[in-house]
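Structures given as structure tokens follow.
What follows is a pair of complexes built around subunit A, which joins subunit B in one and subunit C in the other.
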Partner chain A sequence: MAPGAATPASPRPARQRNRTLWFWIFVGPFAAGLILFTYVPLAWSVYLSFFDAHNTVSPTDFVGLDNYTAMLGDPSFRAALLTFAVFTAFIVPATYALSLGLALAVNRLRFAQAFFRSVFFLPTACSYVVAALVWKLSIFNGVRFGLANTVLGWFGADQIAWLSTTDPPWYWLVIVTVRLWLQAGFYMVLFLAGLQRVPPQLYEAAAVDGARPGWQTFRYITFPALRATSVAVVLLLVIGAFQAFDEFYNLLSDARGYPPYARPPLVYLYYTALGQGQNLGLGSAGAVILALIIAVVTVAQARWFGLGGKDEKAV
Partner chain B sequence: MNDALVRAGRALRLVLLIALAALFLIPFYLLVRNGLASEEEITAPGWTFFPGELRWSNLRELFADPNVPMAHALLNSTLIAVATTVGTLLLASLAGYGLARIPYRHANAVFYAILGTLMVPAAVTFVPTFVLVSSLGWVSTLRGLIIPTLFSAFACFVFRQYFLGFPRELEDAAQVDGLGYWRTYWRVVVPNSRPVFAAVGTIVFIGAWNAFLWPLVIGQDRDAWTVQVALSTFTTAQVVNIHELFIAAAVSIVPLLLVFLVLQRYIVAGVERSGIDD
Partner chain C sequence: MPISRRRLLTTGGGLALAGGLAAACGSNTGREDSGSRSQLSQWYHQYGEAGTEPAVRRYAKAYKNADVRVQWRPGNYDQQTAAALLTDSGPDVFEVNGPTLDQIRGGQIVDLTDLVQGVKDDFHPAALAPKTHDGRIWAVPQVIDTQVLYYRRSLLDKAGVKPPRTLDELVDAAKKLTDARTKGLFLGNDGGAGVLGGTPLHAAGLSLVTADGKVGFDDPAAARTLGKIRRLYADKSLLLGAPADWSDPSALVQGLTAMQWSGLWALPQIKKALGDDFGVLPFPSDGPSGRPAVPVGAYGSAVSARSRRKAAAKAYVKWLWVERTDFQQDFALSYGFHIPARVSLAKKADRLRSGAAADIVRFTVDHGYAQPLLWTVASQTAYQDALSRIIKDGADPDRELKAAVRTTGAELRRVKKTS
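Coming up: the complex of A and B.
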């Protein structure tokens, strides 16, 4: 991440111009695409958010901040933000703990390490659509069949309508476990990479000082040494949670539509902007609000963890 | 005594790992089990580990079903995933190399402008990007499904970090031989960087194959459906042929499992080198 990628430029202007040309030949196509498909849409979205834009991308009715006040005053949008917050509160600690635990367990295996690593990493190759299908129609199916209810039956417990009851909200268990299964392996690999870089001398020194292997070593050596990895993992997990769409959409919607509860922001925006009404102005206002929230949360988190300072290492 | 404790701890950990590994594999097993069972058996009250009979005919039924554009969706997904992978590798590796190795006064500003887009999760831009793509008339076209996804700041970042660590001696030798940036890149740098291309390529391929939101938004016509969108329309519709749905889902992960098993070690190495964990 050291910024000094470029070596000092040659003093000869002609050669320097030549280098500038080559720089843009290499970087130009990528940069142009990023401008066209990220920066331009963002600007356009800001523009659209000030207009009444139903079914059109070139609206004429300027409405000022009406879309923003409508969006912020909309109980459904606020509920969507709350859904995201609750989801994050469940999924981030759960994934963090499971992936770190898996990494610690796999890291010190003397044999079959590659086997276990592959097994835990394998779900990364599965899509949310496929996983949601297995969760919805095979594991957490309704009362008639399904693995979870069969297992509960062995213990004499009552069957549960996992996805169709909101009180108690069993659907949270379904939504959280599917993502946990899909992403824990990826973060386990990040932690494994981090563990490999802990200097062995630290453990030797700790042993000399009388630290017992196990909890003490973890508490005073391993965990602090993984700090940079932990910061990156938490940042990635939170940003990933903001993007939650696939599992909500695939687990909860059916032929009757999408239930009003448990809509994270993206699902809500999807239905606002591209659903029946195609209200692109309102949807854009929501996207801008969401982008601002994400930027604030990310920056606050980075500050909190001391990123962006001199010891910046993670992205 | 202490030794016995340590050994008991190790045994416990192994048992725990085996149990967890079994839990992690169950969903894959269910996919195959249900894909090869009959509809009655999947929906029967109570659940059995083995289906009564393995019905390989489900596979034939799936591809013969006129209501399910499975073959077409597989073709779309393949075209999209291959094109996205090739395009991303080309664009992002060139940009990464330029940023890492070609001296330019504003290189860092350009780099941060690229990196900044990582802060905005791609999914947040789907409304505005849809607006742009629809005004270009690209809705329900392969162009619309592929081109907007080609510019991965993450891939560019990984390549830049990798090329910063690439041994300069090799390039210096090439420069002495009179090769310019372009030929040095293709003849010296790329051939010596296969693992990072394999790692990024695998991650991009998996992402493109599994992408859902963008294909759902853009692939509005049936002809433009990807495998994921086709599967999803199954689950959100009144499901009739549930065994077909499961065999379709099982078929949809086969290409990825193959890519994955062959290239897995590169993914792990790629993640370790990308710098995101450091």
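Coming up: the complex of A and C.
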């Protein structure tokens, strides 16, 4: 082979080989971890869902769709799905409104802005478990020396067993407030970033055109300008609601189990599959059903927001 | 002297080989004094009583035939062990609050029948029954724990209330004992749904599962009795939302309640705080076929079927929980307060011979019942959910119990089908 012919071709494959090598050196361990710890368990879970798998992950008794029909026919699982729907329907708009309100308030501050940002953001650093226990044991315990009951006592009101009564369902107040406290600060920061990206010229032009500051400016300038941020916030909030487990579990469970109310699907599946129940086939069927519901809701939500469509670039 | 590359590699290789051989011979395992003994891992759930953990470590250290490493595990112990039994990294020997029928039938634990030969009759029958399936014994009972109704004598005297002997009297007493500062009765923050379990059914002369393996509460008397627990809630006689739950006597000691359902283990703490100002009762009977009821539970010692050292693990269980009666007595009574699982040891224990402790031992013998093995987790969840809805939501007891009967019946058919 003539040297002149080989020279231009040879460095390119060598560089290509190096690139491939480096790609796998950096990506390989993570890809292997993803496959080993995410995709294999997922596939195994789908496999288990077609077997009678009591106290075993290597079952032999194929039961077809029995686990799926049992799970869908189980009123406790259906109640858990309803609990989840109620929680999502409340927590998503509530957190959205609170975090946007906080962002608008903090953004208008002329002094101590950094201090207030930090104050509202700090709860994000607290774990859900710790916050839930503080809520349960200190603020919303049901005896006379709990913080909430002490305040009620000043006004002559009766003590309330916040987490133990179902009529009225005060436990929702406890569950929702702990999550609002924990996550509103994080979304406030996202909205603050969005607010700072709104060009001041828009407000100046609106002022010249006679728009009044306040509601009118917010309605016609700020809110539409925050559309991209709003879409991201709502998506993150819905995903976070799907994953609700820690605060429910720590607020309402005890050594003997979990009451039938306010039991989200993850808590129910935890008890079915990973608790003493160890019915891994039934639990896996429930997990597959839940994953399908989440997928359908996410796709529907994405289409509703126009994500992935031709309008996305305009967002 | 200059060292050549060949010499350096030879020396280094020799050192590495020597180190490898030393490690292979067991001289560098990172564990003390292991020698050629088996290495066993033993799990305990976290006991609340101070001194229990050092005690069990002392027992393990005293065993000469194996190097026993104790793991003291806080948190949801039953769920931890259930998950660990699916893997090879679980314990060799472990405490079990059961075992469950599915654990036995799933081949997750080892048959220990031969360990108790000769002393089987010395174990309290109520402690041994839930560990026996098809005539085989699957865990060696360690201690007996039971639950009773504690009451403050002074508060009852002040309200002119006598210690309740029937469920109706309990409902009335709880109402009379309730005022702005103190509630009449504490059955746990969930109103009793979790802790009471089958106790009201036994008080009505029924059971969770009958001796011949049928649903034991498919009876109108069950709905009537559970309806009375609802009355306690509806009367606002129950303490709810206490910082510490039923297993901790704080609510009674702090004066938040006049009566509390709690465990035998709470007795020393209550005695220390209240002196003689308290008494104990079994759960009161209900109806013409009723009888007082006292639930009995027993943590037992089991061996994992996935253990690679099953023979050594069984030998250790036999040594500790069958032969070393001195350690068993110490474990039951020196730290917390439990009844030794061996009848002969319970009879010898001075601390169980007088006062409330003697009453509780008598209740356990006369009225003790254990949760049957056929009572599966699915049945328990369905029943507890029904009980919670009856108590808190005022749901129709008859309808709720019918649903629980259906689930329990299906579970019983499932476990019988493959047994």
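FYI, the second predicted complex is superposed on the first by the 291 of 315 C-alpha atoms of A that agree within 3 Å, B and C clash if a C-alpha of one lies under 4 Å from a C-alpha of the other, contacts with A are read in each partner's own complex, and residues count from 1 in each chain.
Rule of thumb we're sticking to: contacts are C-beta pairs under 8 Å (C-beta built on N, C-alpha and C of every residue); 3 or more make two chains touch, one makes a residue touch a chain.
Keep in mind the model is a prediction, meaning the values are calculated, not measured.
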item: Touched partner set for A:Q201, first subunit B, second subunit C, both or neither; value: neither
item: First (subunit B), second (subunit C), both or neither touched by A:T124; value: first
item: Between subunit B and subunit C, more extensive residue contact with subunit A; value: B
item: Partner chain in contact with A:V57 - subunit B first, subunit C second, else both or neither; value: both
item: Which of subunit B and subunit C A:G275 touches, first, second, both or neither; value: second
item: First, second, both or neither for A:A161, with subunit B first and subunit C second; value: second
item: Touched partner set for A:P260, first subunit B, second subunit C, both or neither; value: second
item: Subunit B versus subunit C as contact partner of A:L137, first or second or both or neither; value: both
item: Contacts on subunit A seen with subunit B and repeated with subunit C across the two complexes; value: 57, 137, 144, 146, 254-255, 274
item: Subunit A partner contacts - residues on subunit C that touch it in the complex; value: 76, 78-79, 82-83, 85-86, 98, 100, 102-103, 105-106, 108, 181, 188-191, 193-195, 197, 239-243, 245, 247, 256, 377-378, 380-382, 384-385, 388-389, 392-394, 403
item: Contact footprint of subunit A on subunit B as seen in their complex; value: 6, 9, 13-14, 16-17, 20-21, 24-28, 30-31, 34, 42-47, 91-92, 94-95, 97-105, 107-108, 110-111, 113-115, 117-132, 134-135, 147-148, 150-151, 153, 156-157, 160-161, 164, 180-182, 185, 206, 209-210, 212-213, 216-217, 228, 231-232, 234-239, 242, 245-246, 249, 252-253, 256-257, 259-260, 264, 267-268, 271-272, 275-278
item: Interfacial residue positions of subunit A with respect to subunit B in the complex; value: 1-3, 5-10, 19-20, 22-27, 29-31, 33-34, 36-42, 44-45, 48, 57-58, 102, 105-106, 109, 116-139, 144-147, 149-150, 153, 181, 185-186, 189-194, 196-197, 213-214, 228-229, 232-233, 236, 239, 242-243, 245-246, 249-250, 253-255, 266, 269-270, 273-274, 280, 283-284, 286-287, 290-291, 294-295, 298, 313-315
item: Footprint of subunit C on subunit A - complex, ascending; value: 54-57, 75-76, 137, 140-144, 146, 159-167, 254-257, 259-261, 271, 274-279
